[in-house]
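Chain IDs A, B and C follow the sequence of writing; residue 1 opens each chain.
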């Protein structure tokens, strides 16, 4: 397992594109958060805002890049035929999948910590200018605040779980383009579908969809308006990731490489 | 084997025949990969299926002021051109037979606005504050009958738009600016109606004329007052009421003798248009004081009706179909790079721009046809299901439906071509697919984060502007309504939005053409 | 200029720091099989890609039948090429792969069936190319090259992955194509594959042409094989006597530029022991090693250039 891990790590490290993708994930996440913060103007009747959630808005975009990264770690091997070399080197297929999952986890974790830190910094610096300041009853974003810390840790976990979900899907689908489409469809389509319906159907969709459930962990001030509790939501996403990896493991063992 | 008799090189075949050959080659390539044929068909099926699901999940309740709600919707009049109209007002009038003229003077026009939003039943919110809305109307009305939605012509003073002559809900001519006091006159000559205004009652200016075909000999004439929902202070709108004082009212012609008859039109519980309270009239010396609430105008206030149109169930299904088409478009070019097949292609067809153009035509045509079929099936289906569920669906003319179908098809075709171009530039499917999907799903998701202004710009400048072609909600300059994205209105006109997407696609194609030519295969 | 000629003049091409082609010039004449040989990375594929207009040279030009490739109207009717046999869409059938190519050249579908028969793939025509063995893919690639009945045929490493039966078939095909008057350019890094079928050899190493000669000219040299317990001493002696030596194994030397008699005399004079002296006609393999060795030893040397 250690050898397989080191092999996977070397593969990712030397592929070149992976590092750029993760750097890109951090960059687009922080950039979108900054953009949202710059576009936010809180007026008297715009209702209760959640500064932490607004600051972490970049995750909506950043998760797509993390997902693409995770998809490519295996789909590119299928595309080039290198998967046969990998399986020849590590014949126990579950070990190979586990090694890939571990590498994806580590890298998504690193990218996630950087991205979330960047988002919160951007939020702390920019949001007071948008009217989300202590004078209007919004305390500055601080990790000393329990719910904010929960949102930060939860968002990092969210990115890791999205990476694992994507890895599982890619192992099942094997081709880059459809795999990315499936992952992004699973992430982005249910919230769109939910918008078309009224409660309680809307709420049910948001409770079981990976993105809306998983991102409930970002709520601090408006937690009551989320479809699902913060940790329960992350649990739903964990179930999605686990199911996808389980299916991947099953198929990887059954199928000819 | 045959002996080699090579055809002459270079010259000879005209450019069009050459391109046709490349086109046939690319079409053969496309149709001989089974997945690429099945996927677009699936896309169309998914589009229709999701449109059905979304429409089927849409239920509207129709609530009366007392809080009883039943499935269905309030009554919405249909105007002479088939459009949804508001036709609620208070009128004091009588019958006129044959030609005639009605003249009156308006001395005052004032109004009040409810302090509660329209969502609160008027019986629960009696409080008002002074305030006249710009499109509050008071004047002379002539129409064959007081049936809601029937033809009319009217000359009027307004709260903020000066004197107007309007007919059949959508037609508008501006007269003198400013407010009461002023003189108004409406004449009937055969089927021709003309509106005049005057500052002193002696010098008259004609504002406009209307020809109402099939006008009966006897028509309803009267003074009227109405006052539309104001969105000045509340995003949900507030009910308003206007009051006007009329004097020097003179009717020349064969009018029914006797007293004026007051009538409240379109202010019942079953009527959709929110009115503050029933209008009425009373005499004050020589004057007639009339108050009314409502509007005579195109209906756009969809917040009260739901935003359902013929196309409103379609966007989700279309997004799903687009994702499938994006994947196919990306693979149509990146699969060649992945296998090195692109070298065989470029060796067979050295004109690389021609290959790109042929691929664009093939994938564009496939996406166009698939989307056109999907839209043509899902729009009537969605509309039917919505109707069956009792929801109000804004009537769309045949032209609008055709525009939406053609627009959907063009949107899909241009998107597929843009993704193809990005695939040609990057040679990898990941960027083309991820980018293509994000463009269409991200704006509506960021919109839910509460930064509406930024999202409006996304729908103006980003390729997502192409979605404007789905716009089917009516909008009118004669109704003050926040035509914002949050209320279902795209910031750009349908074809302008498509133009923005096309500009992006053209840019991607141009870059792809240059890159293909410069780069070694 | 004959339709069936490839003419390459002064090609130079740089990829970053690597000089892939450094003044490559040669001509592949009609009616002949021209062997294009060189070790991996010598510049064979780059040259072929330049001829096919896939890569743009920094300098020089490559003409087919007197025209630049890009100027050809339906290029596959002038040049048929097998570049990369793996370059097929796996989910497309063999016949459909050829069909789209035929459409691009305005050839009818009958031509597709005819070349499928010619390469022996008729039975597999409606199978997906993804399931083909490497040998079958090579045949499919050859079919694509022959589709336009071109006067010029370029095959890059056509023997890769072929079974012995396939190799025999391929050799016969190449001969037939040349006999019909076509110019046939066949690249290979294995000399033995070209022995007996190539009329003309163009050898390339490190982006330079090392030899461009008729096969008879290259194979004139005789080699003397010497079995000796003291190969190092023997080599010293023979080099002094004017011979060129190659160490073939720890007891065998190959000597050129000296006859067997001269070798025996020289060794006798110096008293170096030897077990056996024999002569052998040079094979393409020898020529190849000789050429490529010279290239490695004398990087600027022009070797046997004509």
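One rule holds for everything that comes next: contacts are C-beta pairs under 8 Å (C-beta built on N, C-alpha and C of every residue); 3 or more make two chains touch, one makes a residue touch a chain.
Each chain and its UniProt protein: A, B = ABC transporter permease; C = Multidrug ABC transporter ATP-binding protein.
Just so we're clear, the structure is a prediction, and the values are computed from it rather than from any experiment.
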Of all chains shown, smallest offset between own Cα centre and global Cα centre goes to A
Where the centre means the average of the CA atoms, what chain is farthest from subunit A (ABC transporter permease)? C
Gap in Å, rounded to a whole number, between the CA centres of subunit C and subunit B (ABC transporter permease): 69
How many angstrom lie between the centres of subunit A (ABC transporter permease) and subunit B (ABC transporter permease), each centre taken as the mean Cα position? 37
Report the inter-centroid distance (CA atoms only) between subunit A (ABC transporter permease) and subunit C in whole Å. 53
Residues within subunit A (ABC transporter permease) bordering two or more other chains: none
Multi-chain contacts in subunit B (ABC transporter permease), i.e. residues touching at least two other chains, fall at none
Listing for subunit C: what residues touch at least two other chains? none
Under the stated contact criterion, what part of subunit C meets subunit B (ABC transporter permease) in this complex? 3-4, 49, 52-56, 65-67, 69-79, 81, 83-84, 86-93, 96-97, 99-101, 103-106, 118, 144, 149-151, 176-177, 180-182
Subunit A (ABC transporter permease) contact footprint on subunit B (ABC transporter permease) (complex, rising order): 50, 54, 57-59, 235, 313, 315-316, 319-320, 323-324, 326-327, 330-331, 334, 338, 428-430, 432-434, 437-438, 441-442, 444-446, 448-451, 453-454
Spell out the residues on subunit B (ABC transporter permease) that touch subunit C in their complex, using ranges where they run on. 1-4, 6-13, 17-18, 21-22, 24-29, 32-35, 335-336, 339-341, 343-344, 346-351, 520-521
Along subunit A (ABC transporter permease), where are the residues that touch subunit B (ABC transporter permease) in the complex? 32, 35-36, 39-41, 45-46, 49, 53-54, 57, 60-61, 64-65, 68, 71-72, 79, 176-178, 180-181, 184-185, 188-189, 191-193, 195-198, 201
